[in-house]
Amino acid sequence: MTSKGTSTAKHRAGRFFEDFRLGQVIRHGTPRTITDGDAAVYTALTGSRHVTHSSAVVARELGFESRPIDDLLLFNMAFGKTVPDISLNAIANLGYAEARFLNPVFAGNTLHCESVVIGLRENSNGRSGIVYVRSTCYREDSHAVLSWVRWVMVHKAVHKTAQKTAHAADSTTSARDQHVPDLLDHIAPNLLVACARLLSAEALENLREATGSADVWDDYAIGERIDHPSGATIEEAEHMMATRLYQNNARPHFDALAMQHTPTGRRLVYGGHTMSVCRSLAYDGLENVLGVLAINGGTHVAPTVGGDTLYAYSEVLDKWKLPGRADVGALRLRLVGLKNLAPTEVPGARTRHEDGTTGWHPAVVLDLDYTVAMPRRPNGRTRAE
Amino acid sequence: MTSKGTSTAKHRAGRFFEDFRLGQVIRHGTPRTITDGDAAVYTALTGSRHVTHSSAVVARELGFESRPIDDLLLFNMAFGKTVPDISLNAIANLGYAEARFLNPVFAGNTLHCESVVIGLRENSNGRSGIVYVRSTCYREDSHAVLSWVRWVMVHKAVHKTAQKTAHAADSTTSARDQHVPDLLDHIAPNLLVACARLLSAEALENLREATGSADVWDDYAIGERIDHPSGATIEEAEHMMATRLYQNNARPHFDALAMQHTPTGRRLVYGGHTMSVCRSLAYDGLENVLGVLAINGGTHVAPTVGGDTLYAYSEVLDKWKLPGRADVGALRLRLVGLKNLAPTEVPGARTRHEDGTTGWHPAVVLDLDYTVAMPRRPNGRTRAE
Amino acid sequence: MTSKGTSTAKHRAGRFFEDFRLGQVIRHGTPRTITDGDAAVYTALTGSRHVTHSSAVVARELGFESRPIDDLLLFNMAFGKTVPDISLNAIANLGYAEARFLNPVFAGNTLHCESVVIGLRENSNGRSGIVYVRSTCYREDSHAVLSWVRWVMVHKAVHKTAQKTAHAADSTTSARDQHVPDLLDHIAPNLLVACARLLSAEALENLREATGSADVWDDYAIGERIDHPSGATIEEAEHMMATRLYQNNARPHFDALAMQHTPTGRRLVYGGHTMSVCRSLAYDGLENVLGVLAINGGTHVAPTVGGDTLYAYSEVLDKWKLPGRADVGALRLRLVGLKNLAPTEVPGARTRHEDGTTGWHPAVVLDLDYTVAMPRRPNGRTRAE
């Protein structure tokens, strides 16, 4: 385009399926300096109580220079950067995988993100396709702090008559562009970055006192389930404030009028807010978590809307020692978020329906598979109580 | 009053029309240290995404010592200081003019304000009058950061029986006190303060990458209209939190019970919150705005209440080069805020009614005339895309 | 318990009456670094305008190193730490006494709390008992910043069948454990810590200008009543955000579904939020308060729920000179919080009912007896006006 000084096309329509190419690198806008203010708003909106993020004194005892920003605040902040370029025209956010927390983020750091298109698959109806991207979030010092894969179903522009001409040449993604990436079932223990330095026995005792819980890595058994006792009713003002805090401008969360014409008829709670609230509910019973190491996979099973009450239970999927670390181990957890039904009423996330098929229990809204770091009991010591 | 140690009149009733005098200087209370916390709450409540305020890295590249506080956060914070002295008894906020942003404000600055009465006009009904004030907001280092004119319709105290005696001597404003000030149609380009240093071509490219938009000053044409795509439904909790953040204690925003006896029957959204939300909606299409230079005029056409969905469109009213600056130009914009109707349904802010008269389109709530700074394309370069 | 590496009891049920022992010391979890972000969220949720907390410039003139954190933000933050250990199974929070503000807290301080059980009394029904604790909040430098007594009615575990076995041996608190502590009617003037340095006449004038009010200690008379003019309607999102900001996880504030089966059928507003909102309403008429010195007693008379509109009036109960301070005096105030009725409609907090008995006026929700510091007029000077 020549520099003729005039443009009449300042509508920001977002990318359609044809606008993505395998290997394409997209640098996302709106870099963000994250502050103690963001952390305070996050606490007020989600009820986060994990001590690593709550106390600078504890954080320094764990080897951090200061309180690291809450993992899911970071995740949501980074995710928000990618929305205008990846999912503004998304029909659905289909899943997450391979999220790794690589370095801590502190108040004052400035974050920016970029994504690479790692998979494309056109749907057989010809109207939409699935886009897979690997996104990476960086600090201003160029250290990567978080990377993750997500895939979304996106409209094809050609399906929108008004924009037919502009995109006509691109209306079919060529066969060689079709690619579904192989994704890891989970991040292997040798790839996990335990974010604290070696814990002394004294630091461990201080941590237990700070959390009020004696339970450490050794006290959790594979297969164990923890029903978290609290519930949280979600207000419209809360989920919108959270989503705006992340500068995530996806429209279904904000415009009640436009949403009247959708199946729910309502604004939808941003799935990342549901994740944050459920993880805060999951504090009780998992107090000594030091931080999230990975998100192995995640599915937003059903929408949440204002007025819903969220509950959560956790299952221990696996537990690993970490290479070179006698002080800290990894727990692979499944966090199941429920709406309007307490965990005690939900035997499992999957259930057999009346017609004999198996599917999601109707109360499930979130199924998150993630890995956390937790201190191990020093050798030969018995559990303090 | 002698020092007798007792007072029984601690009711803070605010000033009535008779309490104002031409030339009177009023120093406003509640100085405020503005922080990163205020900026975070503002982002959560309004969805602000302008990169100058979002990223300390970008702000420093633009020549600021750090992220300047969002212009409208500053405006609302300063405005809030003046409410207890100017508009606690206001019947209506009639308009703004001549607002100039003179110096940036950073987290840690402490703001205080004073006002001069520059106009008074008693209404013919003898019950109220219009007060014009020029208010100035200062940093703790005595630099002015913002000045503006507003005019409000204020009750006369004499009209209130209970307070008749105290104000009897003042019940009529003397004729020589009547004065309607001449106000500028707009702040002329030579009075605009472009708040960033000279931009290098590299800084401009970094900015465009940070915003994700290539459009700069040269790409906007006088008369161009931009329909911003998003809408925002306003919750009661949100507008009250914003108004309290500004320490604005005007009662119509907070007391649902008392407001039952007013025409709307509802709490009213503070007009400054409507401005902030509409400006955040106007980000899409105006991404490379560096900051607000002036508010030439503004009218709150109709009230907004909780549950309304706001939309916005912008018109380019004028564009100017700035004296001595080849890197940055000024755009004079009209921001039209709408409630419960998308911009595509609103041909213009003014409309011809069925009875042949012309008036506001019924969806319009805000008509704001303001001037922003935007980078110019370096000579001879074509638009990057 | 031996270290067998597995636990299936990670339900955090909180303490029951039998779990408390006279003299027992409980160290509370979740230490918290308090920040400017917390202060900003507090301002947005409560409308706090006290200048000591609002302006770093004024705070430094008063001898503080920076803006101290708002007294009731500190109180609520500290209180929140004690909830999981003291009142998670509380039937009712019965009262406060002997709260003393001992040292200021600034952004960056990290707070932690501990409690001592100072009283136990089993109820005659054998199902519950009253627990009295003295709690103390410390900064990271081990200086105590706040101590207070509260008493709560707590369920006995034995009353819960499922937990009968574990607690059987403890099912009756032994007679010698029964003890009701003597509590002070109020904190005596010689125990009050005035938190500002000696005020010069110039600092006093600057303070008056900063607050916009000339009224100081000398201007308040014992018995004087101040009806505060503003009202504040409480939204569900607001009280939940405030309570989460304090990391107070008491369930009645958050879970609308579970609360359907309670007498109110609704989420309850955390009493500390009601206190904070009422104190913010009480700013008008008490502008020159420098800080809270003590809370002598407090009762949450009736629950507040979302949608209620709060009002407040204050009474001057007493006034004292402070030992060694000619510049600052103490006012003992009664803050009466009302719901859905303006103070002008409420002759007194106590009222004679139709049946001849005396009780609370039905609009009263809060009756708080507290002591504040306020500047005194310099000797011989008359009131500036």
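Going in written order, the chains are labelled A, B and C, and every chain counts its residues from 1.
As a working rule, contacts are C-beta pairs under 8 Å (C-beta built on N, C-alpha and C of every residue); 3 or more make two chains touch, one makes a residue touch a chain.
Keep in mind that this is a model prediction, so the values were computed, not measured.
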Checklist entry - Through what angle, to the nearest 5 degrees, does chain A rotate to match chain B on its C-alpha atoms? => result 120
Checklist entry - At the place where copies chain B and chain C touch, is the share of residue numbers found on both sides over half (same) or under half (different)? => result different
Checklist outcome for this item: Whole-angstrom distance, CA centroid of chain B to CA centroid of chain C, is 37
Item to check | Where chain A touches two or more other chains, by residue | outcome: 35-38, 40-41, 45, 235-237
Item to check | chain C residues within the chain A interface of the complex | outcome: 1-3, 5-8, 10-13, 27-33, 35-38, 40-41, 45, 84-85, 107-108, 110, 112, 140, 235-237, 240-242, 244-245, 247, 249, 251, 254-258, 267
Checklist entry - What residues on chain B touch chain A, complex-wise? => result 35-41, 43-47, 49, 51, 54-58, 67, 209-213, 215, 218-221, 224, 226-227, 229-233, 235-238, 284-287, 307, 309, 340, 342, 377, 381-383, 385
